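Labels for the chains are A, B, C and D, by order of writing; each one numbers its residues from 1.
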């Protein structure tokens, strides 16, 4: 049984810890967080062991709030084979030294640079390269979404080039200090960094992206223009996407015309946290010879969660076959609903 | 085994159907809805039988979308002992005739007038009056929230008068056509109707309410000023609320300072639809002699759900003891978390 | 002096009436509106004459609210040479008969179909074709924005093809009933109608558009991909846009990174209604050989206002030279600010 | 001619500078700001002289952006009789030393503490106390709004006690980094600080306030409960408010039911920046014997602007009569519209 720790218990950390607890080939040893807030209290209700990642002089605050800890982050590190680092952007890089010193494996999230591990992961694309790896980085939610559907298209038809526009959600639901409340904010860097991030996994992809932020907390929306290497029909594209459980086809014909509807499906499916692990792709797409344009919605809080689980399996060599790991993960999380 | 139908499968209907399916003393015979959208498809995935509540000439649309129905609404009516009507405001009143003709019991939601049943229900307050009742109405989400906490205070200290300000959420998450996007809208009727609605259950309550709408989909927020019949301390108030599982005490000391945090707790608790059945009351309250002022947050999508379940039990005389029904309902839905 | 009426006094009608009142070669005879609300009271404060466009039996409501009218819509029609119809989408088409019967000229807005007049107008592109025209239609805010910048590019470099993504504002500031509050809504028709609407003015443009709605009231944002007929540099593109006063170049280097900043500029400029008549184009653009990608922001409430004024001049043959009319309009409204 | 400087050129500073430039008994010597952004460029277009308030080593950035400065903040200080400090919260306090050293008068905004000047100002209430004062503080937008209407009620009927709920706008339009996007955030301190702030001007007022933040940028909304010292009628209350030009009565009967409508009026009135200097009070109020409850909307960007102008006049002893100063200010800014 692989012993796993989760360092950081925010939007991603909580979900990764939950997903680990649903696997039968790994054990969640504990989670580390810096303060004893309501998330700590709820972690205890889940039966998770808590380790304090704050400075020693602030440990008393856990006691005073009635949040029992099992030790410090350093204690957790000693007990695990691999740590999933879900700390805020930039903090993860600082943690690398202590993981290195302890000789444990580690996974970082997309907020960190590719250079932290020189290996960026997506289960469909490069699972086998992750086997026995010491370090890896799960690409960000947007990048994961782009990779999932572009990889499907590339495998089916060959992708010549991609031009994507990302309407980003401006904040997560619980990030109440972030805006904008009433504006659209452009990403001034054109192209945006997302295209280059895709290439950390799909190195040969010719992709150009730009982005803007909208006043919403639910999901990102992508408008993706692809030039394929051969002529296609809409049915062929839909079939190509259908092969992947982590892509969910939705349709305005069923009344699904917004990110609110997609998240409503997630809540109806009864997943942990009301999450949508799949990339939602609208069947209402534009197809003309080799040209394809489609909308997809990305649940920024959760689409990377199954990727983390698969990365653990590959890196710890519990399962060498990508498809078997993906199946296992998907079944455990209820992924793969067809409407 | 009481046979229950749910007519209307929107925000409330879906949740009531789900809650019924979690009870071991009642059976969800089926749900009725007028169109074969994604919610119909997901109902089938839940194993619910679907009945069409549209005109006969539109039934074919269910077939063409691949949504198998078990019959029309009239067929469902024949098979049930009681119908929970969750149709849109005003439609429920029109349905009364057909329930009456069929001789079945019926429950309406707060969008309908008190006069539809001349009996408005809250499990804590008037469960016993509902026993064997033919018709009842579950008061609205806001009214349910007011009644829960005011009843607790009244039982503990006696309530002399109440002055409440309701900041209403302007739309449910899935109501993407409703605004405002960037404004606060006043309710021009002063007092608002909510106070009178409370009196349909707590007939002697001296209560005055006003309301405004804010640009949010998550929860209503109430600012409640109460004059009690005796001097109180904050600890006494907190103890009074703690006696009721359908009230959840929260605190800014745990990092809970907004409706987004309250709904984050709900998602973390893993309830159906990520719901918060409890009324969240902040421990940060103002107490001075007989005066109490507190904030509470109401999850408009779900706080009435357990009330519907208890009403079914009372009306169908499965359980004559209020406390036993409430316990049963709460256990089935995971209600009663203490942070 | 050309006598002009404005029928409809909502978001667009009010601004067109204001702009007419700023011209020295036309006279605003009056405005017609169906109810005596605050906008009617403010119109009187501006010195505008009001005509009632309601049914005869509702005229009394104007009196009872203290809003003095000069007659009915039919009276206004008799007094004018040309009517600018700013009634809600679909209503304008019904009005065509009465304008026709009265033998007056008329201008419709972009909510109506091109077929209403078989002539769609943009001052830069087809002013001369509007001379002496009986009817014309000012294309919508989005279409006007696309035409302004694409026409500039076409004149300078030749446009081979266009692929644009429109993030639409979901409602105007005063449309408090419209949402979404927290979602992104896709336009299910791919391509969207906007490209075809551009072709009603720029008939040879090869343009493809898709759209989504964001939760904001301020401005639309366009991401525009253009393939030009020759290689370009960023400086050349900026120079091409600079030739047109109705295009305003903005830059993230000056702290302008969102639609909120663009509208802040408008308020600072002291225009009527705090409007931004210009299309704001960011200097942060992507240029590569013949390829250009840029962001532009469209103030949906006002960019069509100067177009209406120019159309009046052309149709009534007050001024035959497009450039002279545009100059006159721009000076009267303070258009043409260079940051 | 009094020589006035404005230090800080954000939301408030820009408006105060504009208002000063509209007075014929004072001269805007210049404005100081720390960076050469678009607001600096627009200030130059207004004809305002700019002084740099940054460190000396950053002055070059003004040059490189083409923003010509007349000197440093220290140069501006030497040229003025009085400085209106509109720097961000907390910065103003640091500036006090340099104003003191230079021997100039100074006005701070409500973000600073009362103790900065030990005198907080409202033109209606304590103009005469400001005469010849060296320092004063204009209370915040919310406090100014509360004082305006409570002072009117107190003068007319006597106010016994006040209980107010403030639904605060969460960010200004241009503050695109602030949220929440979709939540209501409580102010955990009960009572909130606003009541005490009112007492810095109306020292004998018995007032209790609580607050929450809504996802909007336009205006604050107040629900105000007042117990008066005698019985009142609605007409008497309306008459009492009508005596003050800086209070604007609005009504749902005219279609004004939200803060968006109030700001729409402001834009229609053609004021600088589309501002609403008046406190908007709804005629739809609740009156019962000595009890009054009313809604008011506060334009956080501008209601304090006329107060700043009056404070300058009093402190510099240009005008000793409050009413004359208020008249002068109101006429210059177009304040006092009756709908």
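Methods note: a contact is a pair of C-beta atoms (placed from the backbone, for glycine too) under 8 Å apart; a residue touches a chain by one contact, two chains touch by 3 or more.
Computed from a prediction, not measured in an experiment: that's the story for all the values here.
Visitor: Going by average Cα coordinates, which chain is farthest removed from chain C?
Guide: For chain C, the chain whose C-alpha mean is farthest off is B.
Visitor: Using the stated contact rule, I'd like to know whether B-C or B-D comes out ahead in C-beta pair count.
Guide: Higher contact count goes to B-D.
Visitor: Just going by residue numbers, which of A-B, A-D or A-C has an interface where over half the contact pairs are the same as at C-D?
Guide: A-B
Visitor: Averaged over CA atoms, how far is the centre of chain A from the centre of chain D? Could you give it in whole Å?
Guide: 46
Visitor: Counting in whole Å, what is the centre-to-centre distance of chain B and chain D, each centre being its mean C-alpha position?
Guide: 43
Visitor: Which chain C residues reach two or more other chains?
Guide: In chain C, residues 173, 176, 180-183, 185, 215-217, 257-258, 260-261 touch at least two other chains, as defined above.
Visitor: Provide the residue numbers of chain A that touch chain C in the complex, in ascending order.
Guide: It comes out as residues 163, 165, 167, 169, 180, 182-186, 188-191, 208, 210, 212, 214-219, 221, 223, 225, 252, 257-261, 282, 284-286, 293, 295, 297.
Visitor: Report the residues of chain A in contact with chain B in the complex, numbered from low to high.
Guide: 14, 35, 37-39, 41-42, 45, 65, 173-174, 176, 181-182, 250, 253-258, 260-261, 263-265, 267-270, 272-274, 337, 339
Visitor: List the residues on chain B that touch chain C in their complex, please.
Guide: Residues 170-171, 173, 175-183, 185, 215-217 of chain B touch chain C in their complex.
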